[in-house]
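Have a look at the structure below before the remarks.
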Amino acid sequence: MTAASAAATGRGPSRFGFVKGFLWAVRILAVFGILWGSYFSITGGRLSFDQWKDLMVFGVAQGSVYALIALGYTMVYGVLGFINFAHGEVFMSGAMIGFFAANYLNQTGLWASQPFLSLFIVLLVCMTASTLVAVGVERVAYRPLRNAPRLIPLITSIGASFFLQYAFRGLFGAGVKSYPAVRALDGAWNVLGFRVIKTQGIVILAAVGMMVLLYLLVERTKTGRAMRAVAEDQEIARLMGVDVDRTIVTVFAVGGAMAGVAGLLWGLVFQQVFFFTGFLPGIKAFTSAVLGGIGNIVGAMVGGLVLGAVESIGPSLVLAGLGVPAAHQLKDVVAFLALVLVLVFRPTGIMGERLAEERA
Amino acid sequence: MPLLETQGLTKVFGGLHAIDDLDLHIEEGEIVSVIGPNGAGKTTFFNLVSGMIQPDSGKILFEGIDLVGLAPHQILELGIARTFQNVRLFQNMTVLENAMVGQHARTRSGPIRAILRTPGFRAEEEAIRRKAEEALAFFGTRLIGYRLEQPAFVLSYANRRRLEIARAMATEPKLLLLDEPTAGMNPRETLELTELIARLRDEKGFTICLIEHDMRVVRGVSDRVICLDYGRKIAEGTYHEVATNERVIEAYLGTKAVEGV
Amino acid sequence: MLLPIRKRNKEDDVTRRHSTFWWAVLVVMALIAAACGGGGTTTTTQAPGGEMTTTTAAPGETTTTQPTAEFEPGPLGAVTVAPGEPIKIAALQAISGAVASLGEDQVRGIEIAIDDRGGELLGHPIELQVEDDGCSAEGGTTGAQRIVADPQVVGIIGTSCSGAGVPASQIMSEAGLVMISGSNTSPALTSDLAGNPGSAWQPGYFRTAHNDIIQGEAAAIFAYQELGLTRAATIHDGDPYTEGLANAFGRSFQELGGEVVLATAINKGDTDMRPVLTEVAAAGAEVIFFPIFQPEGDFIAQQAREIAGLEDVVLFGADGLLSDTYVVNEFTVGMYFSGPASPEGSAYDEFVAKYQEKYGEAPIQSFHAHAYDAANMLFAAIEQVAVVEDDGTVHIDRQALRDALYATEGFQGLTGTLTCDEFGDCADPRIDIVQRTEETPDIAAVRANVLFTYEPGA
Amino acid sequence: MAQTVDARQALPERELVPSPPVDLGAAVKWGLIAGMTAVFVSAIGMVQAFEVRSVVVGVDLGYLVLFGAALVFGYAAARPGEQLEGFLAPERGVRNVAAGLIAGLVGGAVLWLFVLLIGAVDIRSVFPSVSPQLRDLLTFGRGAGFAAAALIGGFGLVGALGGGIPVLPERIRAPLVNALAWVLAFGLFEDLFAQIFRGAKVPFLEDLLYQPGGGLSLVGALIVFVLFFAVYLSTASRRETVRSRIATMSPSERRRWVGVGLVVAIVILAVLPQILGNFLSEVFDLAGIFLMMALGLNIVVGYAGLLDLGYVAFFAVGAYTTAVLTSPGSPRWSPEMTFVAALPFIVLAAAMAGIMVGTPVLRMRGDYLAIVTLGFGEIARLLFLSDWLKPYFGGAQGILQIPPLELGPLTFRSSLDFFYPIYAFVLVFAYVSWALQNSRIGRGWMAMREDEPVAEVMGVDVVKAKLTAFVIGAILASFGGALFAHKIGSVFPHSFQILVSIVVLVIIIVGGIGSIPGVVVGALILVGAPELLREFAEFRYLIYGVLLIFMMLKKPEGFIPSRQRARELHQEEMMQDAWLRKEEEAAAAAGS
């Protein structure tokens, strides 16, 4: 159709290329596949309505964890413009150190008698640990490279990531560490007809809360203004009297603190941590940040939620409906395909990013 | 038939009409200057013609072919080359390589021929090199000799501007769009470039459209001057006609005074 | 709302003077030197004369001493250990990456086996060379190449992963060595237990771990016949081991007359199992068989309790989860596990005590005992075939060593009574099904709580 | 460095101000860092794990690591600042040694405090490696008092030695440090050197250098030290001249030398595996396969500027296509082709994969591209792993029984054999990279990398250029995959982790992005190093991480930067001067 109309406008080079055709085919196939799979899944009645609702809640909760970590990615990317691969390890270090605090409190009995006080103490420990690690990595691996091409800090961040993983393994052993359970958070709430497991509810609330705090920090405070100035142009910010190094350290510290919060919540929900814990959530969080529009705080949140929901519902809804066996094995395939599709439809992510819009 | 013609060209950025229902034409062999205060939409006009952005409505006809919807490289193949206001060279490539890139659209050999180093490929490479050197030689000794192998970033500001023009020349265009070619040059260099622009038309036969703030340059080279303001054409004619046009003076005085008027 | 994106620097030209290749090489060398100090093989050599501890795994004392006849090497050659020189064995285990604990645990098992012998064999110190198999085919290849490059290495304890075992066993076999794995379970490496060699079978390859087929059958019989369950779901994690075992279970379960209502999978690294468990609930499974590892196994057991419709489901794991760090968790109460039959007595407790003492933590995975047995099997076989000269020189004939291992019968190990078949499957064929209850909060108690013992052919 | 210093000494002395002296306060800071490092390597179990390995005359690796911290940071504390314009060259003398000494003493004190701590409190429940044995090691088995003296004294001494390094005259310093590094390397990589000696038919060298229990003997250490010291000392000046000679060569002359170099390289390649033996050949094979991928990715990232983090997908496609087509064990369909017959299909599959990945990402910018390609890498692995496609690709159980590589009458089976086809392909691909770089299409890529919109306006069809880059990159990677499959004899999804993509990317960046020799060196070092670091078993990725950071901080442009990045200003000046001189001479000749 498009080809015909292009031909009708007259002479000259073709306006319809292979690429456009391919992308349209992808779009049509995707929409068709999703509708087809969903139709069979829903009409097949394999899952009840309540189960679909549960899947939704699970997805949102998982997405909230991604979102919390993604906030740190987005902060660093927004201000410094490079991918901090070690951020997943920053998150892991919070969760890992937090485990020892939680374990100690559990042994003293405080964990059982004063669960919320204990959680608060552990939260502080997690945040401190993650912040210290994040700031330390910045000092050693990134600051000397402030003016290098952006691929260089990417490589040092990979190096830092390796180092942190194996340093934690060496220090604390390779075994899986189990967080003590919080009895007070057993059970579920009923929210508007959705069954929300309490720990998951807390994760969702915390993610939204942290996002709002971060948003206020960036938009409403002097520090936030400095961050935005540095993000815009480091040199000019410096000339305008902004302490660039200090601002960047603040960015890493805040991102680290967010990762620390995520670490504790991880301990609450999954009760497990080991030296490799940070890797996959790190990648997923980065995916979330891109999905939402990297550099965009609200985008990180939205991206995380969407990714979580897609991972949770996608395999059951689309793949199982299409007759794919062991659909949940392919949940990452669904997640990444969703990312590709979103970017094919909206090249700068769901919420977009400022620079790209100017360029478009 | 004019070489380039726009009909009802409109581009809106977030509610702001950068180009608003613009009709203009450029005849073959002309040197046309586009002037106007900052933000009048001059560079947007170049971006539209070169295909870097797409118009919201209207047509851009080049030798009767509508350019709307074409990729920039297709437009270049048709014969439109441009330079940039804030010189955009391939900084880390050599002077010669920069100019050789200009020949990209005029040559064909693909990866397989490049790997096999066929005689056709070698001949083509030789031709590319010759044409690039030819374009560079247009600026005397400034861009040749040892400079051929220098990376572009070591060049002086004026030489970068020259190299950018040479790169555009190497694409063998019919229409050359020069975006503030003399910005940042000293008076002597400006004068030299003014002469050069005239030579470009006379010797190479390019049709030239330039955006310029320096009115001495505009007066020196233009066959015709078009003045834009808020994306609309407010005046057109010879230099003197436009320079004395009330709306033009108003537009400029409303923003800033112009030297040389 | 939006954090502005930093303006991209043009790839700044970062050049430094004196950038030459050699300089860089030297920096690396110097750095390696500076950061890591010296090097060499990671070895565990203990001076002779250490304390000799007797264990149930002590081998039969059948050292052949033939001082007179000159030693004649067999078709695969022989290892000759001069007086004072160590007897070298190698461990090819996954000690990096996400599954590092799997390999590290086994290395520790081997090290304890060496300690138990006071660090020496036939009067020679035992030297253990540890190589990383990376849990991958290429890691197995490189590691095996490195091991076989040293002509003094007698045998290999490894690999951790079947994927690494396939190429490694081939390299090892061609070099004339023997290899005993404590955790490869793929039928491809040995046989289908019906007399047909697996596609990757190599002479000289042995294992103390179970062939997937046996354990799958045991679990299926228990679930179907003893528990009377007819609707099962299986979950694997994409590891060849777990996938093989889950499928073996499914096949047996169906043959017995049960129905596999859902055969699904997760990925290593997944944490949120609730969606997949929702599917399991929807399929109406009565039992979930998930022969996977930690930490994914934790997530399944823990989260299953939160899913509507899975309140009463039977959770069934395999030896991959039969570890201390797993069963201490409260959410494992009521779970069943299949695993090798526990040996009589307190040998395993003693072993765990040594482990704890030596490494400061409880066993981190569940194959340390298999590796321990593998090492002892190897030592026993060496002792059996070694020809010791008067001056202490030891000759170990490679073919004889293989033959001795194939002839292993009734070897008492931590994992049971080991007897090798013609394709190298040595594990005690008895499988115990144990249960974690409120009263069995630690691994020893769980292992002792045997509900059912399966003996093939019985 | 020597040149610039000379130039400044030519200036009148009185205009210069003395440089600030070495900061002794900072030495305390370095000491703290040294102490923390020593505590760290102890707490992660390195000291204990390395205790059993003797490196040089009975000095074991554990203590070497420990005291190495004092040496390195003692040197760091004593290193004089950069000479700034208008300043005298910094003084080197007692003050440097004092700084090293202070750093060492502080470091030793920190470590001693750690010893006291682990003596007083049992922290093993948190740090499993902090065992009583570690305490014994750190106290040398003689209690805390002795430890105080030994650690603080020892660290101080070693720190002072480190601090003394900058005091030595430049002429001695470099050879000395290099020779010591070589001694350590010989001690560290004893196995490798021993194998090389055996392969090169000079086994007596092994007995000469090494003592029976492992580690260099005193004589061996001396031999290595003296040998390398002499070599470095005597060639120091000559290397400078050779370097400047190369810089001023004419293109045709340079081409001739490149030709000679190539012939020499091929001869060396032909002989090398025979000397190396199977294990080292294996390391080279692996490096070669990564090198193939790196050459491919260099086209995508280095030339075309497309940050691809999912490059492993193409490697996997190559390996799986090969497995399905050649193995009798292929699950659904096994035509059991030979490698040569399968080749067109492998190329086709790779090209299709390149288009599948390349097309959706065409309009995406750097970081979007990175994560989307990373996603494609994971998608490929998960699909090959999945139960869904198990009937075709074997799922988790992989595909076994891939036959050895056959090329006409030749069969390649062992690691040693594989060296030849792998490096033959490497040579071909290096040529392909070079040929593409120096062509119309290569210039298009570079222009696109520099400034995509401008390149497009200048006539580069970026859609075509990007797809071409993706497809060619995919094909190169798929060859790597095909050889990999033949070499290993089996394929499993586990071999195609994200880590592979990351390692390949690291290779090209650390080697020098866009530079073919850089990629070669990068692959050999970055794939070779972890294999050589096998010595460090579980600590090798830790060390790898530290190395990566250190490399990037010290040489962000890579080992061998590409021509564009390498153009150093002083070379420009030299060339300019030469040209101007020629002009002047010409003018003079014309005038006279």
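Letters A, B, C and D mark the chains in the order given here, with residues in each chain numbered from 1 onward.
Heads up, the rule we're going with is that a contact is a pair of C-beta atoms (placed from the backbone, for glycine too) under 8 Å apart; a residue touches a chain by one contact, two chains touch by 3 or more.
Bear in mind that the values here come from a model prediction, so they are computed numbers and not experimental data.
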| item | value |
| --- | --- |
| Identifier of the chain whose CA centre is least distant from the whole-structure CA centre | D |
| Interface ranked first by C-beta contact pairs | C-D |
| Taking each chain's C-alpha mean as its centre, the one farthest from chain B | C |
| Distance from chain D to chain B - Cα centre to Cα centre, in angstrom | 46 |
| For chain A paired with chain C, centre-to-centre distance based on mean C-alpha positions, whole Å | 35 |
| Averaged-CA centre spacing for the pair chain D and chain A, given as whole angstrom | 32 |
| Multi-chain contact sites of chain D, meaning residues that touch two or more partners | 127-129, 382, 385-387, 450, 463, 538-539, 541, 546-547, 556, 564-565, 567 |
| Chain A residues counted as touching two or more neighbouring chains | 77, 148-150, 152, 166, 169, 173, 294, 325-326, 329, 332, 356 |
| Touching two or more other chains - residue numbers and ranges from chain B | 77, 91-92, 151 |
| In the complex with chain B, residue positions of chain A that touch it | 6, 9-13, 15 |
| Residues on chain B engaged by chain D in the complex (per definition of touch) | 50-52, 71-73, 76-77, 81-82, 84, 88, 90-93, 97, 100-107, 109-111, 114-115, 117, 121, 124-125, 128, 145-146, 149-151, 154, 167-168, 171 |
| Chain C-facing residues of chain A, complex | 46-48, 50-51, 54-55, 58-59, 61-62, 74-75, 77-81, 147-150, 152, 166, 169, 173-176, 178, 181, 188, 195, 197, 215, 218-219, 227-228, 230-234, 270-272, 274, 276, 279-281, 294-298, 311-313, 315-316, 320, 325-329, 331-332, 353-356 |
| Chain A to chain D touching residues, read off their complex | 17-19, 22-23, 26, 77, 83, 100, 140-141, 144-145, 148-156, 158-167, 169-173, 283, 286-287, 290, 294, 324-326, 329-330, 332-333, 335-337, 339-340, 343-344, 347-349, 356 |
| Contacting residues of chain C [partner chain A, same complex] | 1-9, 11-12, 14, 96-98, 100-101, 104, 238, 263-267, 269-272, 274-276, 278-279, 281-283, 294-295, 298-299, 302, 306-308, 325, 328-330, 360-362, 364 |
